[in-house]
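Next come two complexes, and both contain chain A; in the first it sits with chain B, in the second with chain C.
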Partner chain A sequence: MRFAFKTSYAQDLGLFRDRVQRNAYIALFLALLVLPRLVPEYLGDLSLVFIYGLCGVSLMVLAGYTGLVSLGHSAFLGIGAYAHVYFAQDLGVPWVVAVALAAAVTAAAGVLVGLPALRMTGVYLTIATLAFALIIQEVFTRWDRVTGGLKGKPVQKAVVFGLPLGHEVGFYFLCLAFLIAGLWLTSNLLRSPTGRAWVAIRDSEVAAQSMGVNLAVYKTMAFAYSAGLMGVAGALFAHKIGFLAPDIFSVLLSIQFLLMVAVGGLGSLHGAVYGAVFVAMLPVVISQARDAVPVWLGQVFAVFGREAGRAVFSLVDRFVKQPGLEPGIFGLILVLFILFEPLGVYGRWRKITLFFSTFPLYKHATFKRQKSYMRSERLR
Partner chain B sequence: MTFFEAERLAINFGGIRALDGVSFRVDPGQVFTIIGPNGAGKTTIFNLVSRIYDPSDGRLTFCGEDITRVSPHEIPRRGIARTFQNIELFEHATVLQNVLLGRHAHRRSRFVEELLFLPRVRVLEIEHREAAEKVIDFLDLQRYRDSLIVNLPYGVRKVVEMARALCAEPKLLLLDEPSSGLSVEETEDMAFWIQDIRTLLGITVLMVEHDMSLVSAVSDRVLALNYGRPIALGTAREVQDHPDVIKAYLGG
Partner chain C sequence: MDIILQLVLNGLAVGCIYGLVALGFVLIYKATELVNFAQGDLMMLGAFTCYMFIVWHGFGYWTAVALAVASVALFGALLDAAVLRRVLGQPQFAVVMLTIGLGAVFRSFASITWGSEIYTLPTPFSARATMVGGVSVSHEYVSIIVGTVLLCAVLYVFFTHTRIGVAMQAASQNQLAAYYMGIPVKLMFSLIWAISAGVAAIAGVLLAPVSLIDTNLGFIGLKAFAAAVLGGFGSIPGALVGGLTIGLIELYSGAYLPQGFKDVAAYVVLLLVLAVRPQGMFGAVGRKKV
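Up next is the complex of A and B:
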């Protein structure tokens, strides 16, 4: 078992637990630097993982740390995307400034949603943000002059500081840089008083208040920060998909973000990134499995004769090619995670590492605790 | 200057008058205890002092200042910290993180500084940590420092909650039933701690308590309530022997 021997308070303030962990992250970073050479055909998917990672961090701050579950994050993503494209293309603002402006506009939208949302808790807040998402989608449809309405709006390639990042590799590194920056800023907040106040609000509002946390200010701050991050993610997302249309930013996208933080593990930044990998890569895996599984099963059943093999192939093939399979699988996974691993992928990862680090002494009961989705729900 | 005074406190919940004309005064350095049967309005007084409820009538004065209309998050900044009867800790955080939140009233860093984790934030964080460690040391919580609250037994949680309140460096500490759910030994420890808090840290304590052995061990003044009205005020002995108090507890 590995012990972190602590000799100063500053050690607890570091970004990494100890040198081993820091080296692990450096190794991961180096791996991400050479990845474009190793798997050039998946570059697009990897950029999407990074963008979704940013979205995951954004929602994790709000849902995982502050305990405010939002279904309005697709709208924030949309606002960020449209604002960025409007500033960069229609007004000709430099790219970096356009991203900053998009983040500012989205953060302002976050404050607007956050203020009335202060009076609501739990599921009522979620419903209010859901309404917000629907309203904003309608605004995207109707406000032709800025958004291009239902005809949509083509997005040009990103040009950062005169450097065209149209090619996949450049965009990959751009997204990676933004994700790392987002993670760094967020973990800075989480290790300082603001982050502690957020966690306090999540676990007990009344106690947070009587320790001096101004609920209105900190909840609004969480909304604004979360929305601002989403705005930046939106700007990248716009370049990623290359064409903006209102129906992209539907409530289903919000649900996907929520799936991301729930599957990753609520209350950890690791979880946000794991969830992003999961949600962004699952469609890739499903589409490959769609082609591979029927053929594979057909070959297995061909042992019972060529007819049986062909029958199984066509049966399975017809089943997996049905529309709506993907959301079905997403939903199934979410349900399974909530039932069997409420701590998410990150929780499972911690269990596995703990098992090996304490090897013969691992206690199954270490992680046994009452199953609760969010404590603030029970308080009311 | 009055240290802490409640004058004619009253509150209605719908048609129920939960408190009716409760007045008392706490002098600096005292341990002041409120006792009374269930539903007498003891915790309601606490919730009024920490401004979770608005009083229908009456006035609260602290250090010569009227705090009847101060917002709840301002109360710890004035120097009042509290614990809760049914422990309100942040369950999915460590003991250290909980105790550090007690320092929130002393937060001096700004959002942007924290976002970039500037050197000033680091210095302030270490200051907070030192203050928190003093309290951890005082209440003997060193070995629980990094454990999550959910994994701790009830007795320890009770102490952690007191540590969190102490970390705010209050002038007045409100303890809501510090001994409820504790074993006999833990209750004895609690009595020693309350005495130490008063004598070593110089903090005035306002407490709600049922355990009469603890009450008589530590309190200077005791106020007995029944149905939201004060029935006796004096030393522990005097109040215990007061005929109205005996009647309130035993009926008759």
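Up next is the complex of A and C:
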């Protein structure tokens, strides 16, 4: 058994819980450094994981820590992407400055959404952000002087401090650096009074307000920070996809971000990263399974004769090649997670580690969630 | 003048569809506090099943409609019993994600079962119109409006004048008290899901001749959401008024404003209304207790 007893304030303020955790993160970092040599064919997917990780952290701050569920993050990503490309290519601003400007523009957009959103709660807020996302998508289509409209806008390779990062290895490390910086900044922020105020707002607005938390200030701050982070992610995303078009930033992308935080585990930065790995890698896994599963099933059924094997192969093959299958698989996994593991991948990870670290004293009730049947929303 | 009247008629018809889907949201929300993001996809399923019964199995229009509505309603009840009852009392976010996931599964199911082609639904009202005082009154639009009015009347009578309807109201006002009074609350919730899915299916069947049937029909649910929120989530007349408002705004902005405003005008109005009245037009002011 291993307990994390804290004996000084310095330990309580430390970034890592104990030496074991710190060493684990250092090992992970070293592994990520050598990963490009081990799996060069998946580099593109890995950089997408890092970008989605940044998006996940951004939405986690808002949905997981402040309790404001937003369906408008595709718009923030889009604003960041278009602003970055506009500044860097059309105005010729240096790359780093363009990223900073994109983050600033997106944060401003976040404040713009956050201000009217202050008075709304729950589903009203979600729908308002959804409306915002749909309006912004139309703006991307119509404002073609800046965005290129429906024709789209090609994105040049990133050149950082005169260093061309067009090749995949360079871009991999760029995304990794941004993700680590984002995680570090966010985890520091969450341990500060600001972060504690956000969590207080999430748990109970009335209680937070009566403890002296200024709801307007902190909610707007959460929106601005989340949007700004999304703007940075958008700048990287623009380079990743290489071509901007309005229909990339549809509501489905927002839903994918929500899926990320829900599957990863709400209320933890680990969850955001796990969710990003899940969302970015699942299409890769599915596309490989599409080829492998029919062959495999065909071989299994071939024990009943060659004809049966071939029939099963063609049947399954035709089924898995359906174009509409992939969103369905995403949806199904989401449904199963909400039903059977509402705490997400990170929650399951915590249960497993707790099981081993407290063996044999683990009890299920530790993670039992209290259900409420109050008619809470409509109490007057 | 004629064009204004024409737009009123078409706007009301489109608004009725939004209103019906919004009504489905509101019924479920009032009863179970679940926000059903899959309502639009239930509507899509309704349209597809009706198409299947008419074109694939050769039923008459009215039989096919009845069968489609009944099967989607049954599906709604089963969905509640199997899946959604388990998340009652969990945070709203979980429920929103769950129904978004269910919606994706339904769309996938539809595209696998019926293919991703675009279908037209043959109806007795298709492509016929009567001229009334310079306004071309399309029978499809009339069928939508008449259908909505009839459906609302039936639902009103059901909820206020029948035993089950009153029991449902009781269950939606206070679960625990209703349970103490001997009302089978779980059954009531399943029934409400059935009604709501049935209403969505009717909306789908009414919409199908005007729009075309494809797997993305469910995205109308987003506009219906705007309608429900505009009216104040949890108010049944509000849902209908919100739907009609959004339908009219959409048609008028399509006719008089520059291109591109048609699709977003409804959302702009929604944001403005929410900024002024965060609880929607008919919503009750509520404050969550600690």
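We take it that the second predicted complex is superposed on the first by the 369 of 380 C-alpha atoms of A that agree within 3 Å, B and C clash if a C-alpha of one lies under 4 Å from a C-alpha of the other, contacts with A are read in each partner's own complex, and residues count from 1 in each chain.
The rule is short, and it goes like this: a residue touches a chain if its C-beta (ideal position, glycine included) is under 8 Å from a C-beta of that chain, and two chains touch if they have at least 3 such contacts.
No experiment lies behind these values; they were computed from the predicted model shown.
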**Request:** Judging by the criteria at the top, classify the pair chain B and chain C on chain A as clash or fit.
**Result:** fit
**Prompt:** Where does A:Leu189 make contact in the superposed view: on chain B (first), on chain C (second), on both, or on neither?
**Reply:** first
**Partner chain(s) touched by A:Ile26 [first = chain B, second = chain C, both, neither]** = neither
**Prompt:** In the superposed arrangement, which partner chain does A:Ile127 touch: chain B (first), chain C (second), both, or neither?
**Reply:** second
**Asked** Given Cα centres, how many degrees, to the nearest 10, is the angle at chain A formed with chain B and chain C?
**Response** 80
**Message:** Per the contact definition in the header, classify A:Ala10: touching chain B only (first), chain C only (second), both, or neither.
**Reply:** first
**Message:** According to the stated criteria, A:Gly328 is in contact with first (chain B), second (chain C), both, or neither; which is it?
**Reply:** second
**Asked** Which holds for A:Val69: it touches chain B only (first), chain C only (second), both, or neither?
**Response** second
**Prompt:** On chain A, which partner's contacts cover more residues, chain B's or chain C's?
**Reply:** C
**Request:** Return first, second, both or neither, reflecting whether A:Val206 touches chain B, chain C, both chains, or no partner chain.
**Result:** both
**Prompt:** Just how close are chain B and chain C at their nearest CA atoms in the overlay, in Å?
**Reply:** 5
**Message:** Counting contacts the way the document defines them, which residues of chain A are shared by the two interfaces, the one with chain B and the one with chain C?
**Reply:** 204, 206-207, 369, 375
**Touching residues on chain A, where the partner in the complex is chain B** = 9-10, 12-13, 185, 188-189, 191-194, 196-197, 199-200, 202-204, 206-215, 221, 267, 369-370, 375
**Complete:** Listed in rising order, chain C residues that touch chain A in their complex are 33, 35, 83, 86-90, 92-94, 96-98, 100-105, 107-112, 116, 173-176, 215, 222, 225-226, 229, 233-234, 260, 263-264, 267-268, 270-271, 274-275, 278-280, 284-290
**Message:** Touching residues of chain B toward chain A in the complex: what are they?
**Reply:** 50, 52, 71-77, 81-82, 84, 88-93, 97, 100-105, 107, 109, 111, 114-117, 121-122, 125-126, 128-130, 133, 150-151, 164, 168
**Message:** Can you tell me which positions in chain A touch chain C when the two form their complex?
**Reply:** 63, 69, 116, 119-124, 126-128, 130-132, 134-135, 138, 141-142, 204-207, 251, 255, 258-259, 262, 266, 319, 322-335, 338-339, 342, 369, 371-373, 375-380
